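Each in structure tokens, the structures are laid out below.
Two complexes come next, and they have one chain in common, chain A, joined by chain B in the first and chain C in the second.
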Partner chain A sequence: MAYTHGTPEWEAAYVQKTKERMESQPKPYIYFMPEWVGAWENFLKADPIYKSVALPDWQGAVVLHVQKNPDFGVDQDIYVYLDLHKNECRSIRIVPSEYGKKGAYVITGSIERWMAVGKKQLDVVKGMMQGKLKLKGNLPAIVRAIKPAVRLVEAAAEVGGSMPDEWSPAQIETVRKTIKELAAEFNID
Partner chain B sequence: MGGGGLAAKLFLDRFSNDTEPLSPENPLIVMTGPLTGTTLPGTSRFAVCARSPLTGFWGVGTCGGNFGPELKYAGYDGILIRGKAEKPVYLSIADESVELVDAADIWGQDLYAVTATLKERHGQKKKPKVLAIGPGGENQVLFAAIGNDGAHFIGRTGMGAVMGAKNLKAIVVTGTGKVLPALAEEYKEVRSRVIDKCKESMVAQSLHSMGTASSLDLGMMTGDVPIRNWRQGEFEGSGKTGGPAMTADYLTKEHACFSCPIACKRVVKVDAGPYRTQEGPGPEYETCCAFGSFIENDNLEAIIKANELCNRYGLDTISCGATIAFAMQCFEKGLLTTADTDGLELTWGNVDVALVLIEKIARREGIGELLAQGSVKAARKIGQGAEQYAVAVKGLELPAHDPRGFHGMGLEYAVGYRGACHLQHMTLYIEQGMTTFESAGFESDYSGQSSDGKARMVFLSQNMGAPAGSACLCVFVLACMDAQDAADMIRTVTGWNFGIADLLNMGARIWLLMRGLTNLMGARAKDDILPPNVMLPLDNGMAAGSVPDLEKMRKEYYELRGIDADGIPRREVLEKAGLAELAVRLDAAG
Partner chain C sequence: MAHIELAPGIEDGGMATMIADIIKGNLEEKPKREKDFNALKGSIYMQAEDAEVDMTLIFNKGSLEVHNGMVGKPKISIVTDSGTLLDLANISVKFGLPYYFDATGRDVIAKLVTGKLKIKGLMSHPIKLTRFTKLMSVK
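So, the complex of A and B:
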């Protein structure tokens, strides 16, 4: 049965799925899979640095938009939605594209670009300046919040994970299958 | 090509390098470039050049706005002014009609007032474009600026003082001609392509939405922002003085130079209170630092006020703020006391004193007489080791980009032909990652706090920036596009067969020409240095502990550029660049 995004059932099922996968999947987790997103969420919720640099008046979700790349088993775009409120990370979820696109700040990049960010080969601010990552949203607000924005990315790198260029053909097929199952179960198109 | 490069060639061919900067013999050269006045993005610019009274070396100031295109429409690529009027005059140009007009009634007026007066007086058929000086230029403050329609400023190297020394209050121009490209059809395609890139670029979007001051918030994250006369790494108030704050609280509208899709200029107003201003040009990033972090002031309203005062008096905000920060450090160290400062307490953060100092400098009153000479000359007069607190290269105060955060900028400042410069090259944009120009041979990424590979980066960035500057193309627009686009702009306007290699070769020639001119005016390797305040590591901030390895970078750079141990370009390098005459002059000068 497919859950409808925005309902308590969707949320409960998603949390349960993440919990199960965090317990069952081997580490390092695969980047942008639910277990990795869950680990990032836990990290940020407990991160004193993020709490100290985040703006006390911040409002608006930040969405990382990962463009599809079938070569890595990612057959559809992925939207990772960070629900940030004041100096708190309330949740991080993989969400339907329709919802993800509505985020206050959407940063779009190819898998290769996000890999470079994760490996600290591409500074996220430079990436946006050079057009390697595209930002949609109110620029003055994001510039004012540049410290917390950078911390979000640093935290993702600190969580660590398995990068697409490290995946074996079997793992690529596993990613493909996982995304397909998620899409079906959580209406993530 | 045009701009500062062509002005340097004219100076070299016609004038003595021993010319005293404030003498009638020093020519003031206003020069457009081939792109000026076309409808390509970012082509409003022009240069004003002379031997600099601030540095004693080749002086170049550049500017956008509308004056350059209007001069082209009147039928002129440039203006060369020599001599000195017996009494104050202004130059009026309307197509073929050129006359010097008595300026007795406007001498003494501030820049906003004189601009409004002349626009009204000469604006019956078409509003003219006006270059003018304020009281700062009249009084020959060595870092006096020239205002362009009261909204854009030729700030660096004291060109306003040269204009004042000629008793020339203003240049007023109207023109009815056009600038047409040689290759009209291709030109349209290039224009459309570059406009699209400007719209796409986050650099452009950031400049459009927040102005250049958007760099302040980002710069605090990278160790770029100088604080407390470059001796502090952290400044809690920085967030109150940058682009987002200005946009939220004081912006009344954006403003664009001629034919620019970015519109980075701010129009701001402080409605009430002690720092009330009229609606007018807002402070740039450099000004936000010069009257903010340089002196540890976090009051943006006061910065806007300082900007308005400098604009009205016609002073370079960078040199003015930097000289005040220098004076504050001298005061802290006991080298200046209230007995020297007309009773003023030059303490950190005391922006009200800074505002008083601006007026004193412009009028050369009291302590202002000393500070009107810039930090380096003032330091020599103060003595007692004050020189170590003057943050300048070749007499030009550093703009607000810290070489400890970006080592390449340190090399750029050190070897620059006009002193510490942030605009006549692409180093700032390349090293900070705003653009890459991989097709011109740059690496895809540079680490700011490293001196490795920076000599080549600076070498290339000068070769890239010099022709763009001489063509009179805005660096912000250049940062939004590729090297091929820049070459295509020049090719379609001029009709020359022109590619990236030509661009870089021409850049090398222009750079060597201007460097050679500065050498003729006395610069040597001993002048290619950084001041002590930036060669000491900071204890805190994002660049804490970092110091550029200037010796290594300079040695590598001299080899790449073909400069000898005395700091002079080698004869064979000059000859190869088509500058044999310059080589002869340098040989003769010893």
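So, the complex of A and C:
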């Protein structure tokens, strides 16, 4: 049964799926899979650095848009939606593209670019200046919040995880299958 | 309404479009700063050394052309790293002037003193630079 995004059933099923996968999947988790997103959420919720740099009046979701790359088993774009309120990270979810695109701030990059960020080979601000990561949204607002924005991404790197260039052909097929199943179950197109 | 034009060939999303979008957004949020925009005439060069990207802003009393790379011989140039460029955009404006006595301001001054931030035209074009700082400031 496919759940409809935005309903309590979708949310409950997503949380349950993440919990199950966090318990069943081996560590390090695979980047941008639900269990990794869940680990990032837990990390940020408890992160004193994020809480200290986040703006007390912040409103608006930040979305990480990962562009598809079938070579890594990622056959569709992935939108990771960070629900941020004041200095708190309320949740992080993989969401349907239609919803993700509507995020107040969307940072888009290829899977290789995000991998470079994860390995701390690409600084986020530098990446945006070079156009390797593209930012959509109200620029003055995100520049005011540049420190928390950078911390969000740094935290993703600190969570760690299995990078696409480390995946075996079998793991790539597992990623492909997982994304396909998620897409079907959670209407993530 | 401020007229801001990107030169042909500027790739969407890089430093040039970011800076242009910051100025555009600021003018929308803070219409009082249009006075500074309308008074500015001349070129300003900016370089993010770590990112190896540069750009030139050509102001002409109410209009702005944004170019990649260095165009002409700008009287003002700002050379630093990407992070510091965005710190410049976080300088507060108080009583109509950039304010250097809070944490961000002090950090910028420290970088200026240590050479991590290099500004040409600081002494020769202070009013132009002040107006530009106000246009860049998101505060």
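Methods note: the second predicted complex is superposed on the first by the 189 of 189 C-alpha atoms of A that agree within 3 Å, B and C clash if a C-alpha of one lies under 4 Å from a C-alpha of the other, contacts with A are read in each partner's own complex, and residues count from 1 in each chain.
Simple rule for what comes next: a contact is a pair of C-beta atoms (placed from the backbone, for glycine too) under 8 Å apart; a residue touches a chain by one contact, two chains touch by 3 or more.
Everything numeric in this text was worked out from a predicted model, so none of it was measured.
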item	value
Partner chain(s) touched by A:Gly131 [first = chain B, second = chain C, both, neither]	both
Partner chain in contact with A:Ala184 - chain B first, chain C second, else both or neither	neither
Partner chain in contact with A:Asp123 - chain B first, chain C second, else both or neither	both
Which superposed partner A:Ala157 touches (first chain B, second chain C, both, neither)	neither
Which superposed partner A:Ile146 touches (first chain B, second chain C, both, neither)	both
Shared chain A contacts, counted only where both chain B and chain C touch the same residue	123, 125-126, 128-131, 134-135, 139-141, 143-144, 146
Sites on chain C touched by chain A in the complex	11-15, 17-18, 21-22, 24-26, 29, 48, 50-53, 81-83, 85-86, 89-90, 138-139
List of chain A residues in touch with chain C within their complex	123, 125-126, 128-131, 133-135, 138-141, 143-144, 146
Residues of chain B touching chain A in the complex	200-203, 205-206, 209-210, 214, 217-218, 221, 239, 242-245, 247-248, 432-436, 445
Residue ranges of chain A in contact with chain B within the complex	121-123, 125-126, 128-131, 134-135, 139-141, 143-144, 146-147, 150
